[in-house]
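Next up: some structures, all given as structure tokens.
Each of the next two complexes has subunit A plus one other chain: subunit B in the first, subunit C in the second.
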Partner chain A sequence: MSLLDVREVVVSFGALRAVDHVSLELEAAQIIGVIGPNGAGKSSLFNAISGATRIASGEIFCSGTRIDRLRIDEIARSGIARTFQNIRLFGHMSVQANILVGEHATLHSGVLADMLHTKAMQSEERVATNRAIELLEFVGIPSSHAGRDARELAYGEQRRLEIARALAASPKCLLLDEPAAGLNATEKRDLAKLVRRIAEMKIAILLVEHDMSFVMPLCERLIVLDYGKKIADAIPSVVRADPVVLAAYLGVAP
Partner chain B sequence: MIYAYAALAIVAAVLIDRFPSPRLRRIVIVALAIPLLLVPLIDPSEATRNLLADASIYVALALGLNIVVGFAGLLDLGYAAFFAIGAYAYGMLASPQFGLHIPFWVILLLAGPLAALFGMILGAPTLRLRGDYLAIVTLGFGEIVPQIFQNLTAYTGGPNGIPGLDVPSFFGKSFGASALPFYYLALALVALAIFIAGNLRASRLGRAWLAIRDDELAAKHAGIDTTRAKLAAFAIGASFSGCAGVLFAAKLGLVSPDLFGFQVSVLIVSMLVLGGMGNLSGVVIGSLVLTMLNSAILPQANMLAATLLHVHVDLSQYHFAIYGVILVAMMLWRPSGLIARRAR
Partner chain C sequence: MHEFGAQLANGLALGAIYALIALGYTMVYGIVELINFAHGDVYTFGSFITLVILTALGITGEAHGVLLVVAVVVALLGSALACGVLAILIERVAYRPLRNAPRLAPLITAIGVSFILENALQLWKGPAPITVPALIPNPRFLGGTFSLAQVSVIVLAVVTMFALQFLVHRTRLGMQMRAVAQDRDAAALVGIDANRTIALTFLIAGALAGIAGMASGVYYQSTWFLNGFGAGLKSFTAAVLGGIGNIAGAMLGGFCIGLLEAFTSATIGGQWANVAVFTVLIAVLVIRPNGLLGTNLPDKL
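Entry: the complex of A and B
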């Protein structure tokens, strides 16, 4: 079984089927892109996998465990981390604290230890803080920014901080929702490099993106959604030439 | 003398917040704690001791509510309910009411867990609520609890409350009529509250609260069990209120339902708004300023008005109007409180 296994998932909002019997499989270290016109159901699919939306039917497995009936935080702890289309950082917390929140599930200190700052808790915090700084540098944010409020960071840095926060949970699978949105050409190039380095850490990556020049060279496979249905699932060069995909994007009858 | 104390405490709180180094901060806190211990000895009038004891109880209350509102961002307008539960626990267990005379210290220790339990009972149904809706439900809870105490006449003495509560003693030595032991106890509770809240803030649980306050959905996606974190906030916040309630009841020697009404909850929230939510020294300042305003500044102003202007007013009757003006002024000029929260 694949690391992430999505089977025949349906997401409905009333009469609308935002995701209509979509299946996909994702292996460790793989980068797969989900593309499609606006309203095709890409974000709904992401919300279904990460638990933000309940699925109407279908099954989702993460490394063999069924996760589609779990709560959001349980799904996160089972190894799925995500970023958001419109950045959702903890704006009034420091950059470092944002990453430490990401590490939440990997830490073990209990309420009493937190109240008393026991020796064990303090040493766990030291390790966690060091890891936070490492992650900060890994995503390319200078560690001198660690103490600043997250909302004070530049836009591109906020996007990268969100990725660092997601990585802090040591996920098996990372869902990136339009990670390149609003970035300039240089930032996009750096982001693509970063995504590749994350994949090298044996993390499976699923990403939603509009920017074809970003997705095409980066992704091993592309999944195309249209009106909630999967209309293509192939390597980028094949998808680019697929008449059904072109029709969906350009509105030409196939 | 009282003003000197208040000024000192305020300066202390500001200074503590400005020191970046933890060791220096610890030294300053110790240096400033010593005069706090000595103030009632320098000015031994019973009125001062009483005022200091009340002020410290309110600081402890505000620090407890700060965990719920300031850290976890859960607007609780019924916080006085836990204060009432602590006070009535002492009222019913250490008085002629049932002939139970359980020692003060035992009840003080049990009041924390008891109030924490009620904190979770209140918290459980509100977990899905946020903002306005949460405020309304907690406000209801804050009204229901004193109403229950008022109507369970057979157990609680009804509207008259329970008088003649036991005077605590310490190793056989009675507290007597002095407020001084209560001042020191309340001060110890404040110190404990500052220690615990400060530690929690820089911990896994504290970060989970701040994350929930900033963005609950993102917090869930980071793997935080928001249900547990919120219940922990309600429980820990309420436990301080419960202990403060026991001190309050034992000091006063009686409990009655009108002592724990909505105005008490509002007063504590106002302290947080004034001082700066989430910031410990801000909370201490906010609660000191409002208590001093109530118990010292307004009566003094009355006397000044009478002697200088020959106007006889009772400004204490207008204290709610004065809070209102203060809150509006804060919203306009310093929306994050006298001492704004800084990033951690």
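Entry: the complex of A and C
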């Protein structure tokens, strides 16, 4: 079984089927892109996998465990992390605290030890803080920014901080929702490098993106959605030449 | 001058109790943006529990030495725990089912819960004021101005505030509370159990009300089923005056209102105390709509 296994998932909003029997499989270290015209169901699919939206039918497994019935926070702790199309950092918390919050989700200290700041707790916290700084540097944010409020960071840095926060919980699978939105050419290049380095850490990456020049060289496979249905699933060069895909994007009958 | 000192002491002690209650309003508002109107009645419940505990310990008047320490600690912890549990129950039964309802729904529910608690408390202890034993002996400090009870209440409130600041800013639970306050969905998506975090916030707020209930019961040596109605309203005012969602603001607001009430009562007359309190509230909100220590942005918790 694959690391992430999505089977025949349906997401409905009233009569509208935002995601219509979509299946996909994702292995560790793989980078797969989900593309499609606006309203094709890309974000709904992400919300379904991360638990933000309940699925009407189908099944989702993460490393063999069924996750589609779990609460959002349980899904997160079971190894699925995500970023958002519109950045959703904890703006009034420090850059470092944003990452620590993600790390804490995987640590199991009691409330009492936490309140009493026990020795063991403090040393665990030092380890967590060091790792937070490492993660910051890994995504390319100077560690001198660690104490600043997250909202004070530049836009591109906020995007990367969101990735660092997602990585903090040591996920098996990372969902990136339009990670390149609003970035300039240089930043996009750096982001592509970062995504590859994350995949090298044996993390499976699923990304939704509009920017074809970003997606084509980065993803080993592309899944194309249109009106909630999967209309293509192949390597980028094949998808690019697929008449059905072209028709969906250009609005002509195939 | 002696009169001034006495009113200063009265005002600070009264303000300390308002501050303790206000901290609970502010914590809950900070995390779920709900004005928990039942909070004042949880405070009354604390004073009732204190009476029960003191009676069980066989205390009818001033205690000394070990007995005094034991009585204070047991009453304080017992009241805090009982009120914390009550607050969690209220959240679970009355507020959580309405978590995603329009904001007016939980607000009206909170008022309903307040009425239910008030009536339950009246059924329990009757409609008349109840005497609480004068537990604390009465040596005086600073030239006779401050009583031991007053000093204890003030120190208790200040220590509690610092403990709360530590909790919110230095512990993992505090960090999770701030994360949930800022973006509940994003907090869940990084693995935080928002329901648990919110329940723990109610536990803490309830415990603070319990501490305040014990302090006021012992300090004023009296309570009754509607004790928390007026005190709750004024403590809520204190939280708004200081900047709701802000811990130091709740403390500052509490002391401001306590002092204002004490000095107005002493100089103009007790019937003008509420007028003075709410006039100052309105004046402050006109100049600083977010309260004395509030910021323009929702800097919750």
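Just so we're on the same page, the second predicted complex is superposed on the first by the 254 of 254 C-alpha atoms of A that agree within 3 Å, B and C clash if a C-alpha of one lies under 4 Å from a C-alpha of the other, contacts with A are read in each partner's own complex, and residues count from 1 in each chain.
Keep in mind that, in the parts below, a residue touches a chain if its C-beta (ideal position, glycine included) is under 8 Å from a C-beta of that chain, and two chains touch if they have at least 3 such contacts.
A quick note: this is a predicted structure, and the numbers were derived from the prediction, not measured.
Superposition of the two structures on subunit A shows subunit C clashing with subunit B. Using the contact criterion defined above for the overlaid structures, shared-chain residue A:M1 touches neither subunit B nor subunit C, since it reaches no partner. In the superposed model, A:L112 makes contact with neither subunit B nor subunit C.
In the superposition on chain A, A:G147 makes contact with subunit B only, not with subunit C. Applying the stated contact rule after C-alpha superposition, one finds that A:A185 touches neither subunit B nor subunit C.
When the two structures are aligned on the shared chain, A:A15 is found in touch with neither subunit B nor subunit C.
In the three-chain superposition, subunit C clashes with subunit B only at 332-340, the remaining stretches of 8-16, 26-34 or 332-340 being clear. When the two complexes are superposed on chain A, the residues of subunit A that touch both subunit B and subunit C are 50, 52, 71-73, 76-77, 81-82, 84, 88-93, 97, 100-102, 104-105, 107, 109, 111, 114-115, 117, 165, 169. Partner subunit A is touched in their complex by these residues of subunit B: 196, 199-200, 202-208, 210-211, 213-215, 217-226, 232, 236, 341, 343-344.
Looking at the complex, you find that subunit A touches subunit B at residues 50, 52, 71-73, 76-77, 81-82, 84, 88-94, 97, 100-102, 104-105, 107, 109, 111, 113-117, 121, 125, 147-149, 165, 169. Chain contact summary for the complex, subunit C toward subunit A: residues 167, 170-173, 175-176, 178-179, 182-183, 185-194, 200, 297, 299-300.
Across the complex, subunit A meets subunit C through its residues 50-52, 71-73, 76-77, 81-82, 84, 88-93, 97, 100-102, 104-107, 109, 111, 114-115, 117, 165-166, 168-169.
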